[in-house]
Amino acid sequence: MIFMGNDYSEGAAPQILEALVRTNMEQTEGYGTDEHCMHAAELIKETLGRDDVDIHFIVGGTQTNITVIASILRPFEAVIAPETGHICRHETGGVEATGHKIVHMRTNDGKLRAEQVEEAVLFHTDEHFVKPRMVYISQPTELGTMYSLEEIKAIRAMCLKYGLYLYIDGARLAVGLTNSATDFDIKDIPELCDVFYLGGTKIGMLFGEAIVIINDKLKPDFRFMIKHCGAMLAKARLLGVQFEAMFKDKGKLYYELGSHANAMADKLRAGLDELGFQFAVDSPTNQIFIRVSDAQVKKLAEDVIYEPDGTLDPGYQRIRFCTSWATPEEDIDKLLEILKEVKKVG
Amino acid sequence: MIFMGNDYSEGAAPQILEALVRTNMEQTEGYGTDEHCMHAAELIKETLGRDDVDIHFIVGGTQTNITVIASILRPFEAVIAPETGHICRHETGGVEATGHKIVHMRTNDGKLRAEQVEEAVLFHTDEHFVKPRMVYISQPTELGTMYSLEEIKAIRAMCLKYGLYLYIDGARLAVGLTNSATDFDIKDIPELCDVFYLGGTKIGMLFGEAIVIINDKLKPDFRFMIKHCGAMLAKARLLGVQFEAMFKDKGKLYYELGSHANAMADKLRAGLDELGFQFAVDSPTNQIFIRVSDAQVKKLAEDVIYEPDGTLDPGYQRIRFCTSWATPEEDIDKLLEILKEVKKVG
Amino acid sequence: MIFMGNDYSEGAAPQILEALVRTNMEQTEGYGTDEHCMHAAELIKETLGRDDVDIHFIVGGTQTNITVIASILRPFEAVIAPETGHICRHETGGVEATGHKIVHMRTNDGKLRAEQVEEAVLFHTDEHFVKPRMVYISQPTELGTMYSLEEIKAIRAMCLKYGLYLYIDGARLAVGLTNSATDFDIKDIPELCDVFYLGGTKIGMLFGEAIVIINDKLKPDFRFMIKHCGAMLAKARLLGVQFEAMFKDKGKLYYELGSHANAMADKLRAGLDELGFQFAVDSPTNQIFIRVSDAQVKKLAEDVIYEPDGTLDPGYQRIRFCTSWATPEEDIDKLLEILKEVKKVG
Amino acid sequence: MIFMGNDYSEGAAPQILEALVRTNMEQTEGYGTDEHCMHAAELIKETLGRDDVDIHFIVGGTQTNITVIASILRPFEAVIAPETGHICRHETGGVEATGHKIVHMRTNDGKLRAEQVEEAVLFHTDEHFVKPRMVYISQPTELGTMYSLEEIKAIRAMCLKYGLYLYIDGARLAVGLTNSATDFDIKDIPELCDVFYLGGTKIGMLFGEAIVIINDKLKPDFRFMIKHCGAMLAKARLLGVQFEAMFKDKGKLYYELGSHANAMADKLRAGLDELGFQFAVDSPTNQIFIRVSDAQVKKLAEDVIYEPDGTLDPGYQRIRFCTSWATPEEDIDKLLEILKEVKKVG
């Protein structure tokens, strides 16, 4: 079977695993106060070119979103998000569990528009409504699409106009920084938002996300929030060790792994295009959504693990292929061979 | 420096690390539906001699406590716990964050008494009070003390009398099953409570706790709760792989690691006794609490990392030594040499 | 000024006020265990023709919705509601504050369709999503529209198919039971849902809503929930006294007050129609939404207090007139005179 | 039967009822933005001698406590309270429902000591604990005892030392300001704390509490919190009307009603003393706790409704008599006659 279901099906990239094995018997304090965590934070700051940000390491993305959002909002405040956002759909109400409404905004491509931020704010007129106080977006989005620098700047301007914080979910940011549509650098991000995170889980770490808090108002007591949300790892140095490996040499490995996922996706995309498949979303990143007939899906499923993504018009489905840091080039070749046969099914 | 601060300062036991390395590039589904998780669950069931329990794997202990308690209680229901319980003190209000009051009961030795369960129930007379619905205990306790089979049976009987669920926190259960005071077997536990967990983090896993749900009423939709609480690991097979290593051959490794921690503690305890140190708690497990003078602490701190545990009478402190699966016997020898000098300080 | 802004601008209907004055110096137990509450519950049961339901009295509608929903759902469970529902917009995240997501469904007329219930259920496929477990509708809706018996039966059938509870918000149920579109009786309601409430605040009580729990599974410990949600009134007999006045003689006063609000609305509606105003919603109840130009609104505002309800196309607004139990017929006459002039503005 | 069970058994004081009847058919905006609420707030400010405080009206005490505390604390922050505090025992976990732990401090007389504030703060050393951020006390306490000005100043000083907010629950503040132990004036209170409330329910209003926010940091968006907590009354002018009656002429009625309750209690206390009853608590206010034998209780219960308050040593109980604004002097006379007989039972 060719596995194209997601980008978290393997363990860790070899360099990361090696670091974990090498440091395994070191004795360190727990909970993130160890040297590896400190050093990893320094490396990330260096990569970002910013000394004045706070870095915190957390195991997973849902935890990260819950902790960041719950830390920032007062009880009656809400977060605005595109309806396809991870916090809207795939977190089993984790954000609402902390007492906050998510204001869902409609989207076809996974992206929130600056005008929608304004629309949401103006809809909530008084104390009978929740008060929007934060905007959540992902780069790239859950549909693999990308915000341009211009678009994020427009959202940011709207946030500043209405006193909202901007939070960028970077679960796949490594991929977002290294694809053909990328038009800004990692160093630009702290200028664009109040808080974001650098995802590790989906780019070759066993687990781990690095929260970067830029806005000084959001910094105090964040470690209390992590613990309060059950998100403080006992052996937290495992996070530090992995991020050290990822971010030494200014994020070299982080960029390499992201680039590889994109290169494999580009190759697959070109092949799909050549074979005449129809793209369901115009994504330049490692998530590729295509429209296929039920019969084609049946054929495909014999040899490939893909991600189903709902029914389109009767008889047609949307499916996702997801390349990753670990995808071997020969898997793309094999997959394209298989797809050639699938295409014939019609 | 000799490190005796806690039992989670290293990475993983070699057998567990080896299993992680060996399976690193396997491709599996995420979130706990993979073969390793399934297999690990089977091995645990076999060790428990019970086919009819549900097993779930979670990264950490605080998360586990939050998820289990929030899953069971209705909003106005409360959990009774000894005031030294992990959920009372060391979880930054994580349980309260899910909306539930913890009814703290006084204790000197970390143990809850059956009569205290009754006392707590009778205190809460009507709908103006929270309604106790669950009892939380740990084996061994946070003070290293042990419940006898008799004592747990008495608590259980009181729970049955008043319609309470019994939950046993087994963060250090491996140590609890293999010390000189142990008077029941792992197979007895499902008879004694409604839900418990087998801790991995503090007994040589990188991370990981295995929740065992015995009571059928508590089983439905538990995976929703895990995700809702932000506690579902993407690469959950890492939990499965580690628990497979721990529980193959009926928990051989789990028992070995627990026994080692206890053996090192026994040796240290005997040495402390011989040197004339005063024990602050009568613990038969891997956490040893002694009473030392401020001057002794100062001397000790030159060579040993210990855990401070508060001031006793003026001039005297309580400190904790904690042995683990990883403690080398020579560290105990060295520590006793150092303590001989410390004792002279008076 | 003519006041047509809402149906809760006055105090209590005279009969209700009289009952409060008459019983003022009685001494009763607090919190809802007094004779008046008991008696009022009996009267409501009699009116419903059901002896096997539980009745609870609460001060306000938002509290009622919060308490009912939080009582029923497990933490990861969600409630499906039309996006115009009171819980979606006008409760400042009160339901989310209890940890639950509301699944908003699109609607133009304030009504949820049975097919939308199914759509919502099927969208939430597994434990990465919240689990819909309850449907919330209002009769009449927040837009003044009415569900037919057929439509509620269809929703109910869908609920039964998918294991969902049906909850009917009856903030304005008195009006819902006495208008030209009403096609079922108060005695039908317990057959149609699991829980509903009879609103008092908007039909001439100082405050007060009566929750009726039909489904036995939802009955236990509901008083704990009321207190837990801060919704238990100390002098709860004030609720009992008011509901006694409302429901003696099988709800005579309740029906009379509802009928009056509808009669006044019917007269106003006929007049508006005759004057050529355009209705923005097709409502047969006491909330009337019309489309008016900005200039017309300006003119109207000189003499009438109405409820603004957003901008339609540029230059046009939607406004609401709301009649009530207290609306004098001469106010309708005067309002129609004023509207004649307003209409001329164009 | 003589009713001495509590101070909320009747409806409203005549002057308050009259105001409600008089204004019943006025038409006002809802939710607290009407003229009566505005005016009542002005009257309270005048009584306090402070123009710079924010006033909000809420129906009940539990709601008030929940709303105030949830408004102030971040998720991981906790409130310190004496274990007999209303929020600790009689609110069915309402505060915990908002996610916050209450740190219970031991007390025999219902009063928190300044040293206990420090003790609580120092116990919570780092991010593994909740972070105390607020102190809750009541004046008078739930046991009828009183803080002296000195004692509150000491608590306040400790709060300032450790960055804690001080909140005073004034459910019975009218009684607290008019008893023999009172040593400060209503105008002193804003100097002593950050937020407090003036209770109405227990001093002759149908319902209603007036929150006074002194600290500017706690003022923003409080109305959002009220609505979010389900605590915003639709016909909120009922609160305004009642507080207007209470606080016109600088709180004349408020003081009168409080004084009456105290005068009746003083008379009862003197009588009890003369009869040789043993006081279980040294209370100078309208709650009187005495120690009586089981046989005496049995006798008493034939003619008097009192509040049971637990078992003391075997054969002896603690009971409470509670006088109120409404207690007729002849009821005290009759009660003392009855008690004379009860005393004989021994």
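Each chain carries a letter (A, B, C and D) given by its place in the written order, and its residues are counted from 1.
We adopt the following convention: a residue touches a chain if its C-beta (ideal position, glycine included) is under 8 Å from a C-beta of that chain, and two chains touch if they have at least 3 such contacts.
Small disclaimer: the values here were computed from a predicted structure and weren't measured.
Once chain B is ignored, the contact network of the remaining chains holds as one piece. Seen from the Cα centre of chain A, the chain whose own Cα centre is farthest off is D. Each chain gets a centre from the mean of its Cα atoms; for chain A and chain C, those two points are 42 Å apart. Chain C and chain D have CA centres that are 34 Å apart. Contact of a single residue of chain A with at least two other chains is seen at positions 75-76, 91-93, 97-99, 127-128, 130-131, 224, 227-228, 232. Looking at the complex, you find that chain C touches chain D at residues 3, 5-6, 8-12, 17, 20-21, 23-30, 59-63, 66-67, 91-94, 97-98, 201-202, 206-207, 224, 227-235, 238, 326. Listed in rising order, the residues of chain C touching chain A in the complex are 75-76, 78, 89-93, 96-102, 104, 127-131.
Touching chain D in their complex are the following residues of chain A: 31, 70-71, 74-76, 98-99, 127-128, 130-131, 221, 223-228, 232.
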